[in-house]
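Okay, so chain A shows up in both of these, paired with chain B first and chain C after.
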Partner chain A sequence: MGIARYTLWRLVQAVPVLLGVVTITFLLANAIPGDPVQTMLGPSPSQAEVASIRAKYGLDQPLWQRYVNYLLDIARGDLGRSIYYETPVTTKIAERFPKTMLLMLSSYLFAIVVAVPLGVISAKRRNEPTDHAARVVSLIGVSTPSFWIGLMLILIFVFKLGLFPSTNLVLPWADPADVTGASTRIDVLGTALHHLALPVVALGTLQMAAITRIERSEMLDVLSQDYVTLARAYGVRERTILRKHAFRNAQLPVITIIGLQLASAIGGAILIEAVFSINGMGTLILTAIYNLDYPLIMGTTLVFSLFFLVGVILTDITYAYVDPRVSYGSKEV
Partner chain B sequence: MHDPLLTVEDLQTHFFTEDGVVRAVDGISFDVAPGEIVGLVGESGAGKSVAVRSILRLVEDPGRIVGGEVRFRDQTLVGFEDDATAADTAGDDRSDDPGDEPGSQPGRPVPRPEMLSESAMRQRIRGNEIAIIFQDPMESLNPVYTVGGQLREFIELNRDLSGRAAREAAVEMLREVNIPDAERRYEDHPHEFSGGMRQRVLIAMALACEPSLIIADEPTTALDVTVEGAILDLVRDLQERYGTSFVWVTHDMGVVAEICDRVNVMYLGEIVEQAGVDELFHDTKHPYTQALLNSIPRPDETVEQLDPIAGVMPEAIDPPAGCRFHTRCPDAREVCTRRNPPCRTVVADGRPHRAACLKHESAFPEADYWASRPIGNLERPAPDARGDGDE
Partner chain C sequence: MSDTGPSNERTVPRRALLQTVGGVSALTLAGCLGGDGGDGGDGGDGGDGGGRLTLSQAKSPIEFDPIVLNDVPSAEVADQIFEAPYRFSQDLELVPVLASGDPEIERSGQRWIVPLNGDATFQNGDPVTASDVAYSYTAPLEEETENAGEVNMIETVEPVDETTVQFDLAFEFGAFKWYLSRSVVPESVREEDKDAFNKEEPVGSGPFTFEDWSEGEFVEISRWEDYWGEPVPNLETVEFTPVEEGTTRITTLESGENDVVKDIPPQSWETIENMSNASVEAVEGVSYFYLAFNCNEGPTADPQVREAVDYAFSMDDAVEQFVEPTGVRQYAPVPGVLSEGWDFPVDEWADIAHDKDVDRAKELLDDAGAVPDDWTADIIVPPDEKRENIGISVGNGIEAAGYSANVTRLDWPQFLEQYATGSADDYNMFTLGWAGSPDPDTFLYFLFAQEQEGVTNGTYYRNDQVDGNIMQARQATDREERRSRYIDAITTILEDRAHIPSYGLKNSFGVRDRVQDFVAHPTDQFWLVSGENNVSVQ
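And then the complex of A and B:
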């Protein structure tokens, strides 16, 4: 099987998973106590009003009927209309998703760029001061909640030092006319990075710490393997051993962890968006839940699930690319 | 006789663990002549692997070479100043990679000036003069690179070949070790090879660098018997054609008989008997060697029951006082619990046959073994006290 077919196969496998996600989300959303219509119309609406709203959103139909309708709608790419915003769910998501995407990908970039060298250096200098420092940093990183880091960053860098803005997020590809104090694309990029810095550190620290720890332990493991000793026995330089003979092998579990950390990154993003007042998917899903906005809850959850699934599939493909033994399942190990 | 290719003298490698010092290799001496296959035999944990890794200075933390000498031709691979431990003045000779070089730190032996630096070891010795084959062919090849790529990398490092020529040399070597369809297999990854085939690849790797000495660290232990036989045949054939010397580490007396010219028997970090392979098998001088021989089936003798060595090998961290084998030795006497005999020549004519056993009175007159009381080890009758009339 080539890598293209492998990718296709993984995508096909994702369909039943998504179906499961839709079903569970649908049932869970409907199991939330409370009545969305009541939430919408206030304490004492008229019977007629209630009936018309129920009919408009299809809430007067039995549960199974609504489920089937919802599935059919999804198949057409329609996620329904938000009860709270009274706009199509897809419009709302299209508006919010880029910010969350930007936040998460930047955090991941930050985490990987810091963690991989840190883990490698830590392993190479095992039990030396550099290693101890790296381990303390990563231990604190994995055990500190991201929202707390976010609040501390705001406290120090926004209120005390006044170096960074604390709210909202500017998309780097935004039109300069829409961004205050920016006249060129470069200005927009600068403003975007300036806004992005604190939330990225807050959200990325956990991933960074987790990746550092696994990178270190994997490098240590690989460096003690026979094939590394063999390379040494044939006169390969330490630098080459580290770069060529150990690094690639150590990345396999790291790739897995990066993929799995996506789930916690999504959870973290919701909190970080609240802390930094970012109008992204996280704020959207919270609004949806507070207002019992069924279509919006389901829509946002579905998008997050899709995002996670794509992440996992990418992880698998990367893994197969790095490790020839995976070989897309065509050969026995 | 030729000058030896490799000389190991009083080599000591200890492991400094949290529980104490493990004297894994505790003063062993042996040599290897050009074109010779020298065996290093012993049970698991005897220190064989550590000993051969010490030759290439590949011992890893917490292990450290703490004494002795290793010479290869006229080069000093390991060598320390006599009776000197470094003062705090150290630090200036660690310009190379911070490997496991026995550098000058407080309490560590001081390397002699002629001892090769880490980079000299890397450039001049490892691979191009002395190559190594490890026990486990499954673990010795890097799973993410092709077999050919790894072979070629080592060839480029250790011979004046590169690019196309190195590739051709690699394919040629794969053919030499009887890997069918070598040209195509060059591109395959290690997981596409069987254990025996991988060990062939590792042998090819060793030979491809054209070293004068190959250290084979139990290279057939992980293989099944038929594959082992084929590999031994291959090695013997290649050895004859290339004239390479071997240090062959094994715990299998059968392999020793099949392949070695001379044998060193190791027990708990020490060499207890050294002899030519015929002398060792037919005129065994050390009870441990005898016990090893008794424990293997021999096709030429009908034996009712195999005779395993009684007891288990003591921990190297806390070796018995006196002769280290006395706790399991059927011939042990009271004096053996007090004296740890060095390896001395017990048969002088022909190739020297050396053993570290007090019962050879001619070599150890001071011990007065026969006057000492048998300790009745392991409820086995001591051999009849005829003195050492068999010598």
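And then the complex of A and C:
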């Protein structure tokens, strides 16, 4: 099976997973105690008001009928209408998704760029001060909640040093006219990076620490293999051994951990968006839950699930690409 | 009018029930902010003859049309764009804005006639007419909006002429004048495109015009140069930005990202006081927080048990520890500012509250026939640290008296569904808060009137004399008569301990020194320009 067919097959497999996510989310959202209409109208709504709001959002229909209607709507690309914002859910998601994507992808970039060299150097200099420092940093990173790191960064770099802004996120592709103090695209990019720095470090630290630990561990494992010893015996340069013989073989578990970290990155993004007042999907899903906004809860969960699934599929494809021993599901004859 | 008064359905806006206070404090840093207060930032300082103010709200506005909006952040912005016939002054008197004088009351409080200022115009140049006022008060009922409960005592509103509007109510209602602070919209503009009016181009008669809005990011308003009233705003532009997380919000004050921040978390109060470039602006609000008992079912239906609970813990200590300095202790089921304004005998009422005496509590509980030996008191609390901690204090007191207690924190939707059922299976006690208008009726009627049982009255406290006083005071227009009835009712309520009053919150802001004339208002609203202030920045 070629990579294209493999990808297509994985996407087809994702459909029942998404259906399961929709079903479970729908049932869980409706099982949450409380009434969205009462939350919306306050403690003493009149019966007429309640009936009007219920009819408006289809809440007067039986659960099974709402579920069927919701599935049909999803098939048409309609995620419903937000009860809280009174706008289509897709509109709200389209507004918020780019900021969350920017935050998460930047965090991943930060994590990989820092963690991979750190893990390699740590393994190469095992039990030296560099290794000890890297291990301490990575241990703290995996043990510390991202929101706490965020608050500490704000305390130090905003409150004490005044070096960074603590709120909002500027998109690098925003129109300069919409960005305070920016007149060119370069200015916008600079402002975006300035705003992005602290949230990215706060969110990316966990991923960075986890990847560093696995990178170091795998590199140590590979460097102790017989073929590495043989290469050294042949007098191959240490740099070549690291780059050509050890590094690539150590990356498979790293790729796996990068994929698996997506779930924690999504959870972390929700908290980080709250801490840094970023107007993204995280704050959107929190608003949805606080207000029992069923369509918005389901829409945001569906998008996060879809994002996670795509991430996992990409991980699998990359895995197979990096390791020639991994096939795309069928044997060549 | 009967003693029990009207029983028509009426609703209370979401804003009345104090839901949001303290809701985002979980991530705050307890007292660890402080320091030397650099003065950087991009708060901006405006252009010629004005200035730019940046103000951080705790949540994002979601709409601006006063006919439909039903949340505090949206109202805070709309208050600068729209105007009402009357506005609450700093000392909670009604002062005319679009009105030209006091309302005339006829038919024992069932008809209210409001004269309008003929000079008032909307921002599109159209005059503010009696017809616009009538429309603004009837549209919520006709459109069944979320906030329709604020005006559902109105039967008809008719323009008498261009500058006189007549309200006929469904019943005699002495407190109606407080409802005349509802914003007026231009009927023709709104009817043209309601969605655009709500979210794109709201047009009011207030001193600021709507400029731009990105939901969750900012709202910008600017000075209306041709404002019909006085004074014309000093500020040229104002930007509202939402920052939900309390600590981050306070940090934006220090960094200069914002000039004013709303809702100071208790842990950050001292931080702002220690800032070299900012200070706290706070005033006691029109709010009331309390511990309430289930007087309908279970052991707490017995007044002796309620008195025992009063003995079992110290509300003074709980408020001191968990609420101050963001609030103040209250001894009556109406806000302190109201007690002051109505000259209520608060000192006498404070004497009704017991000091902590666990032995006496145990004695009363042991003697009460309604309390089983293995009683576990169920206390439900909303998701708010202050009210949760007070619930825990009560629970600890009951346990010290030899019984058990469960304190259950519920999310708002579940709490709202559960707190007014009257079932002992759902609760024996609950902690909650209420924000109303500057009239005792908006507290006593909704919290204690028998016709509000199961709606906003979760106590099911039944005393016909108290209920009669509340209902008759609600209809009377004579202030002295109302005051006398309220004193009688409150005294009995406190002696019977349907509630144990707890505290009133301060409406608080962190304000940078460069901002002049910004004033916190008791009603949890604020005005950047009014007859009493005109905010500017240096």
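Convention: the second predicted complex is superposed on the first by the 331 of 333 C-alpha atoms of A that agree within 3 Å, B and C clash if a C-alpha of one lies under 4 Å from a C-alpha of the other, contacts with A are read in each partner's own complex, and residues count from 1 in each chain.
Keep this in mind: a residue touches a chain if its C-beta (ideal position, glycine included) is under 8 Å from a C-beta of that chain, and two chains touch if they have at least 3 such contacts.
What you see is a predicted model, and the numbers here were worked out from it, not measured in a lab.
**Student:** Putting chain B and chain C on the same copy of chain A, do they fit or clash?
**Tutor:** Fit - chain B and chain C, as placed by superposing on chain A, sit side by side.
**Student:** Determine how wide the angle is at the CA centre of chain A between the CA centres of chain C and chain B, giving a multiple of 10 degrees.
**Tutor:** 150
**Student:** Check the residue A:209 against both partner chains and state whether it touches chain B (first), chain C (second), both, or neither.
**Tutor:** Once the two structures are laid over each other on A, A:209 reaches no partner at all.
**Student:** So in the superposed three-chain picture, is A:281 touching just chain B, just chain C, both, or none of them (first/second/both/neither)?
**Tutor:** neither
**Student:** What is the contact status of A:95 with respect to chain B (first) and chain C (second): first, second, both, or neither?
**Tutor:** second
**Student:** With both complexes overlaid on chain A, does A:296 touch chain B (first), chain C (second), both or neither?
**Tutor:** It touches nothing on chain B or chain C.
**Student:** For chain A, which side has the bigger count of touched residues, chain B or chain C?
**Tutor:** Between chain B and chain C, C touches the greater number of residues in chain A.
**Student:** Check the residue A:154 against both partner chains and state whether it touches chain B (first), chain C (second), both, or neither.
**Tutor:** second
**Student:** Which partner chains sit in contact with A:269 here, chain B, chain C, both or neither? Use first/second/both/neither.
**Tutor:** Neither chain B nor chain C is touched by A:269.
**Student:** With the superposition applied, I'd like the minimum CA-CA separation between chain B and chain C in Å.
**Tutor:** The answer for the closest chain B-chain C C-alpha pair is 46 Å.
**Student:** Quick check on the output: what are the common chain A residues between the chain B footprint and the chain C footprint?
**Tutor:** none
**Student:** In their shared complex, at which residues does chain A touch chain C?
**Tutor:** Of all residues in chain A, those touching chain C are 32-36, 38-49, 52-53, 84-86, 95-96, 147, 151, 154-155, 158-160, 162, 165-168, 180-181, 271, 274-277, 279, 283, 290, 292.
**Student:** If you look only at chain B, which of its residues touch chain A in the complex?
**Tutor:** 56, 58, 60, 97, 99, 121-123, 125-128, 131-132, 134, 136, 139-144, 153-154, 157-158, 189, 191-192, 202, 205, 209
**Student:** Enumerate the contact residues on chain A facing chain B in the complex.
**Tutor:** Spelled out, the residues of chain A in touch with chain B are 224-227, 229-238, 245, 248-249, 322-325, 331, 333.
**Student:** Spell out the part of chain C that touches chain A in their complex, as residue ranges.
**Tutor:** Its residues touching chain A are 9-17, 23-24, 27, 29, 32-33, 35-36, 38, 40-42, 60, 62-63, 70, 144, 146, 148-149, 152, 214-217, 241-245, 247-249, 251-252, 254-255, 257, 410-418, 420, 446, 452, 455-456.
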